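Take a look at the structures listed below.
Paired with chain B in one complex and with chain C in the other, chain A is shared by the two complexes that follow.
Here is the complex of A and B:
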């Protein structure tokens, strides 16, 4: 089946089986290297990508669902200002995710603070409960995402004033 | 030989009648809504279950949510996030919690209400929570019926021996929930119903009480891989008792529950048994605390 989509801002065409998971398409056909899935069944949370700017588990999305849609992985996201806000938040709170879950934790943080720049700790914890990696303590994650939200909010206010 | 390896055909109906026509032609096709259930049990290519997929994403009728004074009507392919957003103030707290606890936002943003109800071998959050309310589901596509659809109570959707009581060509299209006010509502899941259905349990309770006595008491215990347990006898034991409940009354109801559960199914594990009984006792104690502090 022919699948047309925008991958990291560029139009792409894939000729794949319509029911393979997006994760498989990204790793095997598009050679994306920032995803480190452990399970492929929605259990580990290490395969998060942005689908139309919303974080999704790429192992739960079949290829036919991405036709005409935008997929963003960390490769592209790390060139944006949104990424800078998040990474500053994590750095400021001295809590860097490990290399295995780095991509997913960053994209999840983006999902939270795009909805709300001052998220409640419960909201952060519930969103991160999808993640099985324990490289960071929950309190560190809460602080880092809250800090990232502060940076994002500050930048938005500054952009509006300009 | 190579036909086995062909990519599954994906059909994208845009109206409910197109969907029903496709379903009639291909009763064995996989119905696709959010896919969180199907994909997590996914067998990589070639997919062994079905060579055809009918995607429900383009049928607006199935993701529509409407309300009247008495009912909330939810299309079966409405996403859980969508239901939570639209029905934020009108959903019973018990149901809102059941929806929220299906999973974090990457899951609730994709999972659908129909999908949560229609996994044949699992009873998940919504089935347990909705079993306490007056809920009708609309099924369409039965060729033997003169009318386009039939409405049944949600409890009749599930067979006692497991599986769904749907005909081969039928599709769940709408869920109608009657509004009800409750003074005390709780939803708890202990363990992970989806990942470890043999150990997890779901407990729901809905209570109405006056100043001094309980006027309505409903509870359901969900064993994800077995079924939903409701017992009218235990409910009637609690109804009309005065508040606060005496400790012997709580112990008595709990003893009856323990005995009834033993005869309910031999597949209930001791851990599930203990979890449900404790949840039941705890909820009665919390009801007591609340009634005293009022």
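Here is the complex of A and C:
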């Protein structure tokens, strides 16, 4: 089956079985190297990508669902200013995730602060509860995302003023 | 190698084959026949007939089969592997292969004890006969699966007559040795590089060698790169401890009789080490007139067990400390005060009579007691426990607090002959550049190694690096288990640096110094009655306060306080982060389910730093003590005896329903 989509800003065509998970398509056919999934069942939370700018578990999305949609992985996302806000937030609070879950934790943070630049701790923790890697403490993750939100808000305000 | 090391799932190459393993669905029996259909030429099937060398894996002194030809010895035993251009195709080919089994047990049924050890002192029968009170309890650490780890696997490609391997392994030289023996190629022709593996969990000792061999055979057969990633569940051994304590009329311990059994699977891998660790962990810190400890590592038709929490020391420590809490509970004594009274000052007497002259246990205990406000909370929880109607399931207020303290070792329990070949090198180049060479890949410990070099040689840390190489240019430093990276490698790095310091400014550059493991005192291993059986230990004390949700029956942690003595601390923040992650993992194993960010408890970890000692890892002691403090707190909260790990809400319900 032919599936066309935008992967990391570029149009792509894949000839794959329609029911394979997006995760498999990304790792095997597109050779995306920032995903380190373990379970393949939506339990580890380590396969998060942005689908039309929203974080999703790629192991639970069948390939046919991505037709005509935009998929962004950390490879592309780390070249954006949105990424800079987040990484500055994590660095500033001394809360860098481990290399194993780095991609997913960053994309989840983007999902939160895209909706709300001043998220409540509960909202942050609830969003991160789909992730199994516990390399960061509760307080660390809350501070890091809140700080990233502050940077994002500041940048948005600055852009509006301009 | 031109491949950038990352996680094994990130390693790709042109024309790479993807592999799947066909495993036995039965635990014992025979393969009567199998049918492999004709596949397209780009599909490679590896069976036992394709093994040019030895069809077995050597793990220290023991061996286990690689691919089985006929006899099935455990559930999930690898039978063959299928490699195809895509993973999907490999799975389709795998499903078209049919294998017939005879599920009758094989003629020579393997049963019994792989390894056993014991220790005794005094007349145990006499002590129990004259005891005023005997407390007998059984403690179990059930099989636990290591979940959500970074993928386990191997990638191989041919480069001339060399096999280049990238494997998510904690023991790269074992992968090299195994591939060399299985593929019948010289060891120097196999170059193994370590891929990243999740440092927080990780049980990647034996399985990466199996996957490396299968991928190497596929590469040799097809001439193409091959990658095999497996999600075969990794399971820890089931450990059962039966403890019998004899007490006199004052409530003092007079005798201790301990029987430990560990199910270690179908092959005796690390069996001696497991029994030694269990024996050490079962010892306890209260001296008695007589004791007897028997430990057995038993066979079962299960896959070889994994040791992600060490070799069982934490399970045995859990039993020792929970038994003390049981004794205190029977005596209606405050467990913290009871321990402090018995431990005395700095001098600590172990069950076997050995004396540790400078134990930090008293200081650690006082630290966690003060921070957690243990005495006050214990009194309230105890009063509530005594007033509760024992037949009521929904008491509404199910709160408890538990304490545990003790030590746990780093490294192997004794000096094995094969350990002498492990070494570390340090090289001093021009412009004061220092390079540390070791096959152990450890981001956490590398900071301590660099700091050690910096302290000894007075060279700034930015000039010190740890070489990221392969088995061709790194010395064999042994397996990365039981915190060998921090406790064993750091002293070797220091010895190398001290030698460089003597040669510096006298010898031409580069100066390369290699140091190996020295033989440890044989007596320390043999004479259990006189010594602490491990040379490097970390000390700790843990308090757990919890409340069981009266509807979901899920333990809600109100606080976890830990105090640890991990020797010299180079980077407190990093150490705290590592230990907190291990603690959360222990918590995950304890409640038998995934811990999410909205459930994580508040943890308070503080350290005693000793400037003039070497760093040690506090992981094992933390896990064992957490298990014990958790069970003590849960027992108090439920007014029932909790003595098993893990305890899920359904098991808590069973406990509550017990009359």
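Basically, the second predicted complex is superposed on the first by the 162 of 162 C-alpha atoms of A that agree within 3 Å, B and C clash if a C-alpha of one lies under 4 Å from a C-alpha of the other, contacts with A are read in each partner's own complex, and residues count from 1 in each chain.
To be clear about the criterion, a contact is a pair of C-beta atoms (placed from the backbone, for glycine too) under 8 Å apart; a residue touches a chain by one contact, two chains touch by 3 or more.
Remember, it's a predicted structure, so these values are computed and weren't measured experimentally.
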Touch test for A:132: chain B only (first), chain C only (second), both, or neither? second
Is A:119 in contact with chain B, with chain C, with both, or with neither (first, second, both, neither)? neither
Is A:28 touching anything from chain B or chain C once the two structures are fitted on A? First, second, both or neither. second
Regarding the shared-chain residue A:1, is it in contact with chain B (first), chain C (second), both, or neither? first
Which partner does A:38 contact after superposing on A: first (chain B), second (chain C), both, neither? second
In the overlaid three-chain picture, which partner chain does A:89 touch, first (chain B) or second (chain C), both, or neither? neither
Once chain A of both complexes is superposed, is A:60 in touch with chain B (first), chain C (second), both, or neither? first
A:97 contacts which: chain B (first), chain C (second), both, neither? neither
Can A:141 be said to touch chain B (first), chain C (second), both, or neither? second
Would you please give the residues of chain A that touch chain B in one complex and also touch chain C in the other complex? 16-17, 20, 24, 40, 43, 126, 128-130
Hey, which residues of chain A end up touching chain C in the complex? 16-17, 20, 24, 27-29, 31, 33-40, 43-44, 46, 94, 98-100, 122, 124-126, 128-135, 137-138, 141
Given the complex with chain A, which residues does chain C contribute to the contact? 6-7, 9-10, 12, 18, 86-88, 147-151, 196, 198-200, 231, 573, 577, 580-581, 584-585, 588, 594-600, 602-603
So in the complex, the part of chain A that touches chain B is made up of which residues? 1, 16-21, 24, 40-43, 48, 54-57, 59-62, 64-65, 108, 111-112, 126-130
List the residues on chain B that touch chain A in their complex, please. 7-10, 32, 35-36, 39-42, 44-47, 53, 55, 57, 100, 103-107, 109-110, 195
